[in-house]
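Look at the two complexes coming up: chain A is in both, with chain B in one and chain C in the other.
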Partner chain A sequence: MGLLSLLRKLKSAPDQELRILLLGLDNAGKTTLLKKLASEDITQTTPTQGFNIKSVQSDGFKLNVWDIGGQRKIRPYWRNYFENTDVLIYVIDSGDRKRFEETGQELGEILSEEKLAGVPVLIFANKQDLFNAAPASEIAEGLQLHTIRDRTWQIQACSATSGEGVKDGLDWVCKNLKKK
Partner chain B sequence: MSSLLSKMGNCLLLLGLKKEKRPVTLLLVGLDNAGKTTAAKGIVGEPMEDVAPTVGFAPENLEYRGCEVTIYDLGGGSKIRPVWTKYFSEIHGVIFVVDSSDASRLEECKEVLVKLLSDKKIAGKPILVLANKQDVEGAMDEVDVVEGLGIEAVVNKYKCPTRVETCTATTTRSTNKPDKPIADGFRWLIDTIVVHYAVINKRVVKDMERERNHQKKEMEERKERLLRLRLERERAEKR
Partner chain C sequence: MRLSIGILSMIWNSLYWWMRPLVKWLLRRTTKLCELQRICYGEYRGAQRTCGVEYSLLQSRVPEIQKCMKYTDSKCQERSLNHDYICYAAFTIVKIKKINTQVHKKFCNTLTECMTQIWGYRQLMADVEVMRRQSYSAENPDHEEKLLRLWTALVPDDPLEARVTKQWTSIGFQGSDPQTDFRGMGILGLENLLFFAEQYTSAARHVLSRSQHPIYGYSFAIFGINVTAMACDLLKSGEAKIHFYNASKRFPTLHNFHQFYCYLFFSFDELWRMEKPQNMMEFSRIRDKFEAQVKLKLKNPMAYFQCNFVLENV
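Our next item is the complex of A and B:
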């Protein structure tokens, strides 16, 4: 089935449910982003120990978004959430250049998992409001995104606190659902 | 009997080998907003009503005239353009899309084109130039685009077989067929690659091998750096 007809079909069936996985290192801004998506107050977040889940409506889709804690000791549990993922959103702190290599390696490991084969990846280049935020090319290089060949990927500059770029990212997600 | 079976087996094997499709990888680039993604969706027969700017990598696949074609649709914005080079070693040919309705960006477009074709990994490979958005009033015609971008000089200098097509990538949305000039150009590109396949593919195989080794080395260095960082961190945590 072509993507367009797939989209049409999905659109005619309102509340088509999709599972979105939010991953990324600790402090990247995943929980802030999730709260922003759900239009909740974002002034306070604490490091996530387990997971948060929220349902967001977008473009006639019902997106069930799973936000998993990113601290090092929690990362081994990420794999418990891989099953049935439609789109992976990988969040990075665009100002934290020191950790680009670390986050790139984590992403590489995730993408080699069978359960996420072919799943499109949106890189939310978060915290663009910081004066030292890296541009897309530097992020692509730092995370070695060019080594990803088996699926589509997209960098979306955003700021979870101001909300800038967040909607554009969701639009991309809805347009690039895993072809089933 | 067994020899007959094995002969049949050989026969099937031969047929199977014969059917094997040639891999052809194309690079689809040009400035942002030129219409690359729109054109790619038309080529693979999945027209899109509205496209978002690509800031990344959007591969498309299709089978075409005995070839297994992969199109690397890359973002054209200046912030993502530096990643293009990462894909050069793999490609057999280039589709370069130009927004003919935007004369103000001709200079930028020319610089990008020259830089692209002068690259050692690209020079000599076939290139299809799509002078897109002909439906826009006042759009530059073929001659304007060829002259404006200095295409003649640059492709001659770098010995790239070239074809220029004026087109409207969006027509596919209403007709559900790819725009004819795009289809013609695409056929020319694939045919040209097929004719020169042995030479081009030899380059590709060699360049990819080099790239792989380079990448492997980089990955090992990276792993080592990360390991060192981890050990340092663990030592600090113990204290």
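Our next item is the complex of A and C:
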């Protein structure tokens, strides 16, 4: 036991630590995504009060993922977590068409934040398993993502519950970190 | 250091495994009582006795007893366990242990009582899990009715203007339609809240008004759903056993689980206010602290959480 943990320590020592911020409206699926990344049980989520944080090993990186509650009341506190962010992941519920405008506004505000200037952004078009989910291309158009010029960005269709697309998104994150 | 502790505990465990039957045999010779009898006669009623019986049965190497327990467990999973079956299982164990029922009448009753608590708890785990897995659905009239009842119980003077309305946020749901807020806790989250609001109305309204405090406020319903998750975890990990074994000598029911929840909710609110959090972002820290406190309390074999709520200032 002792030897094993020592070996593990030696192996993980050179890992680069990175800070990832997970934002989005309430019920977008941020906590489910976080749990999926950490290979935890995703059936027992609750609405996030405050925030959750987990460390995930991926591709030689130690990713410290911060999942902040998306409830309107909590959104003013998002800015407290902006500093030193390496990658921003913005999660959208692709089935919640009524709130596309709201989520677009929030994203727009975040991208104009000085503390997040130049930070790469990955947009997860989540809940693709729902029958009424909007495809990623439609969401990209609605959010006018092509107008983002001050940073690298990517939109990835995914389903946090089934795990589809999550790995692809994470690969993009790691690839963009290596470039830095 | 850790390695040596590991080796020591390994040696102790194997030693214990070999020595236990010898010690039991010696004690049985000298006291003329089997281990189950010594526990049932010697330990105080409640968690101390029931945990002792549970441990003894789990350690048993008699194939018939193991089989009997396995079968009882499967009954729990099917949620079809009843009093008759427990009596039958207890009788089987008494037979296997060759205990004279004429002389040890009291022992039979005590053993039945302990086994009722042990497997009642396991059945309660299955019952709770079924409710948790049932998602809230706006198409289910039963779910909708309960949701509306929750509003009426908490805010009787201010009727809802519509089913989907901003008013829901005043009792701490995230948006204008609560249905997505129950998430992984499903209908259990709603049942818990409703029980608190209807059975301990004044306490629930008191907590609600505290949750609306301008500085130390929080989202009442969301808070409650997170307490449901905590109650579930404590139940599943077995840490809540102590409380349930002390609470009732009969089959624990969902009613008992709801009461356990109410106690947690009320005490969590007390700690929250004592901590004077700067804002909602301190939730995780205070929740962890609260959970640690509850677990510590549950280490005491006499632990029993009673819902005697004393309402202080808002």
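One rule holds for everything that comes next: the second predicted complex is superposed on the first by the 164 of 180 C-alpha atoms of A that agree within 3 Å, B and C clash if a C-alpha of one lies under 4 Å from a C-alpha of the other, contacts with A are read in each partner's own complex, and residues count from 1 in each chain.
The rule is short, and it goes like this: contacts are C-beta pairs under 8 Å (C-beta built on N, C-alpha and C of every residue); 3 or more make two chains touch, one makes a residue touch a chain.
Keep in mind the model is a prediction, meaning the values are calculated, not measured.
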item	value
Contacts of A:Asn27 with chain B and chain C, given as first, second, both or neither	second
First (chain B), second (chain C), both or neither touched by A:Asn52	second
Touching partner for A:Gln71 - first (chain B), second (chain C), both, neither	second
Contacts of A:Gly118 with chain B and chain C, given as first, second, both or neither	neither
When both partners are placed on the shared chain, which of chain B and chain C touches more of chain A	B
Set of chain A residues, in rising order, touched by both chain B and chain C	2-3
Residues on chain C engaged by chain A in the complex (per definition of touch)	1-3, 6, 132-133, 169, 174-175, 180-181, 183-185, 189, 218-219, 222-223, 225-226, 228-229, 232, 279-285, 287
Chain C contact footprint on chain A (complex, rising order)	1-3, 5, 26-27, 42-47, 49-52, 69, 71-74, 77, 80
Interfacial residue positions of chain B with respect to chain A in the complex	45-49, 52, 54-59, 75, 77, 79-83, 86-87, 215, 218-219, 222-223, 225-226, 229
Residues of chain A touching chain B in the complex	2-4, 101-102, 104-105, 123, 135-137, 140-141, 144-149, 151-157, 168, 171-172, 175
